[in-house]
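Dropping the structures in below, format is structure tokens.
Two complexes come next, and they have one chain in common, chain A, joined by chain B in the first and chain C in the second.
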Partner chain A sequence: MTASSPPVLLEEPPALPEDSGPGLLRRYLTRPPVIAALVVIGVLVIMAVIAPWVLHSPTALDVPDRFAPPSGAHPFGTDELGRDLLSRVAYAGRLSLGIAFGATVFAMVLGTVWGMAAAARGGWVDEVLMRIAEAGMAIPIILFALVFVAAFGADLVAMTLITGFLMSFLTARIARSAVLSELKSEYVHGLTAVGVPRMRILFGEVLPNTLPSLLAQSSLNLATSVMLEATLSFVGLGVQPPAASWGTMLQNGYSHLYESIWYPLMPALVIVLAIAALNTLGSELQVVLHRSAS
Partner chain B sequence: MVGYLLRRLGASVLMIVLVSMLIFVVLRLLPGDPTITRFGQQEGIDPRTIAAMRAQLGLNDPIIVQYWHWVTGIVVHGDLGRSYFSQFAVGTLIAQRLGPTLELSVAGLFLAVVFAVVLAVLPTILRGRWWSRLVGTYTTIGLSAPPFVFGIVFVALFSVKLGWLPDRGYVSPSADLGGNLRLLVLPAVTLGLALSAPLIRYLRASLADVETSSFVRTATGKGITRSSVVFGHVLPNGLLPALTSLGVSVGAVLGGAVVVEYVFAWPGLGSLIVDSVFKRDYAVLQSTVLLLATVFVLVNLLVDILYGVLDPRLRVSGDRR
Partner chain C sequence: MTEPLLRISELRIGVRTANAVRPLVEGVDLAIEPGQRAALVGESGSGKTLTALSVMRLNPPPTLVTGGRIELASKDIATATERDMVGLRGAEMAMIYQDPLSSLNPVRTVGHQLVEAIRAHTTIRARAAKRRAVDLLGEVGVPDPVTRIDDYPHQFSGGMRQRVMIAMAVSCSPSLLIADEPTTALDVTTQARILDLLVDLSDQRGMAVLFITHDLAIASGFCERINVMRHGKLVEHGKMGTVLAAPAHPYTRTLLDAVITLDAQPRTAAVEPSDADGPLVEARDVVRTFGRSVRAVDGVSLSIPRGGTFGLVGESGSGKSTLAGLLLGLDRPESGSVRFAGTELATLSREALRARRRHMQVVLQDPIGSLNRRKTVAQIVALPLAVHDRMSRARRRDRVAELLDLVRLPKALLGRYPRELSGGQCQRVNIARAIALKPDFLVLDEAVSAVDVVIQAQILDLLGDLQDELGLTYLFVSHDLAVVRYMAPTIAVMYRGRIVEQGDRADIFRNPAHEYTRQLIDAIPAVELDGERVRR
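So, the complex of A and B:
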């Protein structure tokens, strides 16, 4: 791609203000879908943090009022013990979003090191590392997730690491191609020519420049981990009761579907919203980056 | 062409071998003992019995030897192993579940293609902004909802609220075809909708590409009707590249079916996998997952080859990614 791009004319002023950091960020943050997605994520995160102080207590029982449909007092209705669903969904976000965040950080670190090692070393190291990553992506992620859960169990740490590890394959591939395209650029040749150590070029110059595309991938990774947590917990192989996540709420709600159809629908709605928002943040960033690159 | 075929075939075989290693190694990383699965949590089992059992199952061999036995068992004897839990041959267990999974997957994939083609083509024909937005929103939701979430919504609506369709279960088509089809509707539509979203996105991108190409401009310019342009020029050229995404969809159908089967108590391979995870029945788990992985890799190989046949340029460059 870089090889075929036309040479920059000297008369043309470099398009720095538009294409670099602040301009790019402004263009990203002013896109309507991005704003909407940020609002959704913001609300979910804030609710998860402040739920116990502002909303009903997520553990306050009100048995006579169980399986209540949405109302003024309980905007999302109540569950099988009369607990407020809105506050439970908000509270469950702590686990769901927490696992997703941990997994994404793990995937980002592992994937970046993995991809960078492959790109920087090249040759057979690259070949082996990327074949492994491809094997990891060769089958649907849920299948591997089930195999890993069977082996390592489903406590919170294991789930976070498993999810992170499974996403690191794709992250490694993204990191590799981002690093490779940076390594081909003029400034790397320049720095190499003046004798800057390769490690310093890689970590001091190349890595910061690949961050935007890695961030875009991380946002998509967050969405994937929310989906994976919900899926595993829904089939009973993820977060274990009494701990509550969006997935376990979905599972509980589904088993009480005949008492209250709102019970499973509310966590379902929140899961879809969260994933849609995170996907939007990631793909919009990719769009902006792609435009500024071309 | 032969070189291209061999390269793709080699890559696929390598992929399956790597996946099988990954599955096998992961399931044996922990010191957990599958004999516990066999004996349950019973007290007072003679350690010698356990030792004998371990020896019989070959669990004392080095992991490479165990892997070799597993693989040669499958490849040479077609023997997928024996369930640690029920003692049934894994092949038998899989055979029992294959029919329902195939039925659901084929129905789901068929509906996905129908939904996708209709929804991707509609905005192209009607050329309305709102149609385009509507389909775009649908795609975003479809890509964001875990497949089974559709299933929950459908059960809530069509079974609980309206009472039109049964909520879950399975009867074999040979016993009661009508009942089988009624039970198939919700899971198949669930799977179809979930799979249609990525297909639509791919199709629309490819249609938009063709839409702006010069031959479509020429066709429009010579004054033929819009529908002739769409059906004669845009669709035939736009649908072909979407073939690749169909290969990916087969993978998604296998992954999606796992949980969709669980939602609808559909006794397929997906439920078999979930069951075997619960029981820590590694023998069943590893072979079933490997089977699905192999199907997925082979389907992608098939799509690649088909693509190579249809588009000669790829045979030369070898790799389209």
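So, the complex of A and C:
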């Protein structure tokens, strides 16, 4: 071994891998299914936002024209009071998407703290927290919701929190396993040895690294909460009249199935589209993350 | 001259990217005669594994062979059908890998997997195949093969697992065995035994071996011919003796110089260690057990003077890393005491211990894994400064730049992520982070074990210079006795949780007192020429 190093010794930096860093987002956003899903979600959100300015009033009655099929004047048709269905779907979207979004954020925050506490503390804390999560997942959702609605009522905030809470069990499990696998990696050991405080390692280093997988989960959570809200509203446990969500619209349309097939079909279609699009966003993110990890 | 068994000519391999094919291997020529052992030597990323995988036609997509010919026993691999290839793999050529654990199915017994390999190419009955499998296990040196055959891969040690892999590879008597760094993940003593086994098998069966390694010393004792690869090109090839005696290419010379043999002149520190204020680190009768029966550290005592380098050598599982963790206060002993600069670590509160961490730092084995993959080099190196020192942003930036200078990394790398660096560069980043707070004590826990020999030599140089410049005290932990000898004037040999021998390096090498130390010394690969050690 010699001190003088011939030039051939110089270590060259490897070529930048083509699929590094910021490319991840770009690769995600250029996938055709992702583009399609974003278009669907975008249209639904924009409709909900701009509804007051461009659409009929959702409460304007046009009784002679009730149960009308789709036409130029009413693209989605009309309901039993002659109200414009497109406008009602758009307005209902404000409630449905709003509840879904709020619930997802709540589930993310609660689930992440829950799972992280379990993973970071370990031992009996872990056991207790995870058994609670498993118990929560074992109870049928409708039964759970029934109890909660009976206890807290079915106003918007309660709906949001209940939906979020129901989803936080699974999120907690996912957060726990993500944090656990990070905590096992050598860099955490290295940071501990450097003297970085535990909380700083958890929140400054580990949490950001688990975010991608948590984001993928929260996109799936959004889809689940759209469905949960629709389910609860459909069985009458959710949003109460006169407020309308996609679920309550589907419920109303269902009871008028024989007058107009369009009435239940339109909200159902929107629910299916929204759930499919959100699921696509989540699963595609998992695909991209999985590829970049391997 | 006999007809070569394997002939590779003008081989080109590329990787398909979005709009082009980037070349990785450019025009490699190689020939192996029947029964011959040939080495393919080069650093990681030089294309040696890719070349070998192409022979099996197993190169992973999106890599593809873009030109040249590969012929095995005059059969063209490129035009063979997939069915032909299935017949060739295993029967005509077989491969063993670096990591035997991940190459074996964890939920099947080794017997099941061996029988499967045997019956894939022969028509013998299950019972006969099992008898053959037992014979094979015995042949590759697995003790008590009749009972071990029903064990699962996790019940074997790393060396034994590699033996099982070898048994599987030779089960259908291939004429060519491709061995891709088969001993890199193993301890030195195990490595020596596996190499002996491969030599025996190759001699007895007349089996040719293509041996891939980054370590010239291992190749020199094992192979008759050598091929040196760098950046996808074959830079030198020929008879092992001829090439080693007079390397024509400067890179071959670099590889040769990087080998640390027992004849190497050990490094001497510029500053003599001083024991004036008592030892910097001192352990007395330290015990740490896991579970009920595993005594990972079993009554260890040692003392490291300020400014000195203390070498700790032992095989994996001997308790070296556990001991290092105890000395750093990352873990607490069940009994015994660990003192740092005179303070008993066990008496410190969590906060006091954390504050003390700035004086004792560690560099770990996995250069890339010990860095947070989502932080840039600048963020990684600045973190300890942010945690322990209150300083302005500008001041911190200057200090990070200074540290990069110290570990000889260009500032252009500041914004890069770990995966955009080579292994050697990552290890330099680890060292920069470790010395950021100007510690007194640095634990190097297998810090050069995961990098190529050439990089290892550079990192060792760097560590030596840093010690001289900064007056660091090192605990140098490694399984490689030659490297420990090179770095540390005082050496302790650890075996099954105990320090079986401790003292001056010259004494230990002159007359090793413990049987295990003798084994370690014998297992160190030397650069050999026709069985003779080449003095360098």
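Note that in this section the second predicted complex is superposed on the first by the 271 of 294 C-alpha atoms of A that agree within 3 Å, B and C clash if a C-alpha of one lies under 4 Å from a C-alpha of the other, contacts with A are read in each partner's own complex, and residues count from 1 in each chain.
Quick note on the criterion: contacts are C-beta pairs under 8 Å (C-beta built on N, C-alpha and C of every residue); 3 or more make two chains touch, one makes a residue touch a chain.
Predicted model only: the values in this text are computed from it and were never measured.
Engineer: Thinking of the overlay built on chain A, is A:Val125 touched by chain B (first), by chain C (second), by both, or by neither?
Structural biologist: neither
Engineer: Of the partners chain B and chain C, which touch A:Arg200 in the superposed model: first, second, both, neither?
Structural biologist: second
Engineer: Output check: A:Val157 vs chain B and chain C. Expected answer is one of first, second, both, neither. What do you get?
Structural biologist: So A:Val157 meets neither chain B nor chain C here.
Engineer: Applying the document's definition of touching, compare chain B and chain C: which contacts more of chain A?
Structural biologist: For chain A, the partner with the higher number of touched residues is B.
Engineer: In the overlaid three-chain picture, which partner chain does A:Ala230 touch, first (chain B) or second (chain C), both, or neither?
Structural biologist: In the superposed model, A:Ala230 contacts chain B only, not chain C.
Engineer: So, A:Ala36: does it touch chain B (first), chain C (second), both, or neither?
Structural biologist: A:Ala36 contacts neither chain B nor chain C.
Engineer: For A:Leu146 in the superposed arrangement: first (chain B), second (chain C), both or neither?
Structural biologist: first
Engineer: Mind working out whether A:Leu250 is in touch with chain B, chain C, both or neither, as first, second, both or neither?
Structural biologist: first
Engineer: Return first, second, both or neither, reflecting whether A:His189 touches chain B, chain C, both chains, or no partner chain.
Structural biologist: Touch partner of A:His189: chain C, not chain B.
Engineer: Do chain B and chain C touch any of the same residues on chain A, and if so, which?
Structural biologist: After superposing on chain A, no chain A residue contacts both chain B and chain C.
Engineer: Quick one: which bits of chain A touch chain B in the complex? Just the residue numbers, please.
Structural biologist: Contacts found on chain A: 131-132, 134-136, 138-144, 146-152, 223, 227, 230-231, 234-237, 250, 253-254, 257-258, 261, 264-265, 268, 271-273, 275-276, 279-280.
Engineer: Help me check something: in the complex, which residues belonging to chain C touch chain A?
Structural biologist: Residue list for chain C touching chain A: 17-18, 45, 250-251, 253-254, 257-258, 260, 264, 328, 330, 354-358, 361-362, 364-366, 369-375, 383-384, 387-388, 413, 416-417, 419-422, 424-425, 430, 433-434, 454-455, 457-458, 460-461, 486.
Engineer: Touching chain A in the complex: which residues of chain B?
Structural biologist: 14-16, 18-19, 22-23, 26-30, 32, 140-141, 143-146, 148-149, 152-153, 155-157, 160-161, 167, 251-252, 254-256, 258-259, 262-263, 273-274, 276-278, 280, 282, 285-286, 289, 292-293, 296-297
Engineer: With touch defined as at the start, can you tell me which chain A residues reach chain C in the complex?
Structural biologist: For chain A paired with chain C, touching residues are 1-3, 5-6, 8-9, 11-14, 16-18, 20-21, 185-187, 189-197, 200, 205, 208-209.
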